[in-house]
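Before anything else, here's the structure in question.
Going by the order they are written in, the chains are A, B, C and D; count residues from 1 in each one.
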Amino acid sequence: MNYQRRQVLKSGGGMTVLAVALAAGLIRPQDALAADWNGAAFATKTVADTVKAMGGGASADSKDIQITAPDIAENGMVVPISVTSNLAKTQSISILVEKNPNTLSASFDIPEGTDPFVQTRVKMGQSSNVYAVVKADGKYYSAVKEIKVTLGGCGG
Amino acid sequence: MAEPMKIRAAMQGDKVEVKVLMSHIMETGQRKDAKGVTIAAHFIQNVSATHNGKTVLSAQWGPAVSTNPFLSFRFKGGKPGEKVAITWTDNKGDKRTDEAIVTG
Amino acid sequence: MSFPKMRVALVSSIALALLATIAGCVTSYSLSEGEAERRTVEMMKSSFRAQGQASLARLDQDEVQAVCSQYHPGQAIPREVSEKIEKAQLAAIKYPAKLMGNWQAGERVAQTGTGFQFSDGPTTPVGANCYACHQLSRQELSYGNIGPSLYQFGKLRGTSEAIQKYTYGKIYNSNAFSACSSMPRFGHSKILTEAQMADLTALLLDPGSPVNQ
Amino acid sequence: MRKQILAAVVGFFCCVGVANAQNTQQEIERYRQMIADGNPAELFEAKGEGIWKQKRGPRNVSLEQCDLGKGPGVVKDVYVELPRYFKDADRVMDLETRIVHCMVTLQGFKPEDAKRNPFSTADRTSDMESIVAFVTAESKGSKMNVAVSHPKEREMYQIGEKMFFYRAGPHDFACATCHGEDSKRIRLQDLPNLTAQKDAQRAYTTWPAYRVSQSTVRTFQWRLNDCFRQQRFPNMEFTSDASVALTMFLARNANGGVFAAPALKR
């Protein structure tokens, strides 16, 4: 099953991914309208499973990936994160939050001519490790940074 | 129904730096309303950026991207006066495309 | 317990003069002091509406609130005024048989910021929100500084009967020890239960509490 | 952008590990700088401009002829002079009160309909917030210049000041409890001392603001309403006299400050 799923996902999406994801009960039909949206990857709950669902095996730690984000976020609803990859032939950059209900937040395909850099903002339910997973020259690499989320305001 | 985006595209050396704000609720599907009923997930799933007909970025998002999303990236080969177009599609099939002119 | 009208009027005019200096540009007020006070209360009553548990009666001041509104934060209160408040408030404290409860429960009360707001339902937990204004345990990085740090409160003071009584009493009615304190009178105003106040006393004093590590 | 690079450099040298209070503050500051570029309030400004120009209400007219103090149709720099006395209404009004006035007198809305939806909630958005975002953005970069020359303006200032120090409710709170001294915080949020000119300017000139915790633009009326909620007071009515009086006191104390909203806040 696992092997088969990976094969399917590697094929790049389409109806098969949708069918498998629905069969697994991971996402609901209305969540998966877009054909090029990897529903299985967005339903994963661990970093290892996300990388698998994206088509990789294990990811290797890399010093060539830089995560720029605050150590402490004043509010978990908006956590600014930018990722820069210095790996040759960077093809994609993904942002994963380990302790969110679903690990994968966003995944970016970087075509030739576009800097291996993205900046966005994600929600974090609690303090967590945040991973940047980069696919470069067909292989997967990752970097990690801990971000603390504080409780703000008057508390009510 | 979807509100327009705010797109800034400006030359930074030989590259075009693009910054986008999108108007979207990015509902997680985990929240409950005042009556305790779960609010259905509603979020942007795909974003693509094109310049002169060429895709310069494409993204897949989950509901953990912040409400009213912000995105920034840089690409080579653009010139002032040219257009950059951004399109998003959400899980309910809503879609929106907006353009910006690259400034010097 | 009443305050001579003259003094209140005198003090408030001094306070006003001070504020006018700060604000700088407002040279003249159009209303007399008494008129301004009357109009303020009248305007507030017509501008707020009761919602949930918050009735309009909450806009009525008790004596402490009325007097303390005359003194702005950081401003010295004449000794005879503060002594009078402290004496009367101290006399009204009711102590339970057991002053120290459970610090774990106290930590939850200290972290909880809800209760008594017009948006709070009848089952919304009522907390003391201590961390909003005080440092307590070292683990909680998100703490305020309107009040002093209470880290190692018990470690520095011990847990004698007298310290327990002081700690419980301070939570029960801050004005008994420091007139016009910014801290709510948690027992006097029936915000917290006896058990909650005893739990907070334990959070501050218990040697096992994270506050005293 | 330069700020971001600077922030990144500062962050690089700052130790990771058990954060003490000082580098907690530093990191929070860095967080604020990182989100400052790209304020979703811009989305609300654009939406508000659309609503301002749209024909609405029983009379099917736009708000474009609304007189916000500088004559019908003028939006530029009106916010830095509000609240002010309006002769046609014989009342001191802040921006929201005046917008409601125009919705009633120009567009023919019933007052209760014009005031119905002042603040967004989890399941509905407020047009008022967008209109206010649009109008206030037109004062960006201008100096606060609120007059207290008309007797009614002076009266409102004086009453607003009294209200600021008025302690009541089960918790004995006044506005001044949290906003009357320098360098105070609730949890990690800095509390402006609204009786000191510099803080008063910085605070007032950064409302309205897009609140990231609430995903919407919050107006000054909302700020006051929510402060009173947390003060354990009853619910302050939208555009009530008390709200205008307090706004008068706070806006006037911010005179000379450069208006910088809609801003971005936690």
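Simple rule for what comes next: a contact is a pair of C-beta atoms (placed from the backbone, for glycine too) under 8 Å apart; a residue touches a chain by one contact, two chains touch by 3 or more.
Just so you know, these numbers come straight off a predicted model, no measurement behind them.
Could you tell me which chains make contact with chain B and chain C both?
Touching chain B as well as chain C, we find A, D.
Tell me which of C-D and A-C has more C-beta pairs in contact.
Output for the comparison: C-D.
Rounded to a whole Å, what is the gap between the Cα centroids of chain B and chain D?
Taking the average C-alpha coordinate of chain B and of chain D, the gap between them is 28 Å.
Using Cα averages as centroids, what's the distance between chain A and chain C in whole Å?
Roughly 47 Å separates the two chain centres.
How many Å are there between the centre of chain A and the centre of chain D, using C-alpha atoms for each centre?
Those two chain centres are 37 Å apart.
Among the residues of chain B, which ones contact at least 2 other chains?
Chain B, residues with two or more chain partners: 66-67, 70, 72.
Got the chain C residues that touch at least 2 other chains?
117, 119, 131-132, 141-142
Give me the residue numbers in chain A that touch at least two other chains, ranges are fine.
As it turns out, chain A has residues touching two or more other chains at 72, 77-78, 80, 121, 148, 150-156.
Drawing the touching chains as a network, do you get a line, a ring, a star, a complete graph or other?
Its topology fits none of the listed shapes; call it other.
Which chains touch, pair by pair?
Listed by label, chains in contact pair as A-B, A-C, A-D, B-D, C-D.
In the complex formed with chain C, which residues of chain A make contact?
72, 148, 150-156
For the complex, give me every residue of chain B touching chain A.
15, 26, 28-30, 40-41, 45-46, 54-67, 69-77, 89, 91-93
Quick one: which bits of chain D touch chain A in the complex? Just the residue numbers, please.
8, 11, 14, 16, 19, 23-24, 27-28, 30-32, 34-35, 186-189, 212-213, 215, 229-230, 266
Of all residues in chain D, which touch chain C in the complex?
These residues of chain D touch chain C: 19, 21, 24, 148, 151, 154-155, 157-159, 161-163, 165-174, 176-178, 180-181, 183-189, 191, 195-197, 228-230, 232-237, 240-243, 245, 252-253, 255.
Could you pull out which chain C residues touch chain A in their complex?
111-115, 117, 119-120, 127, 129, 131-132, 141-142
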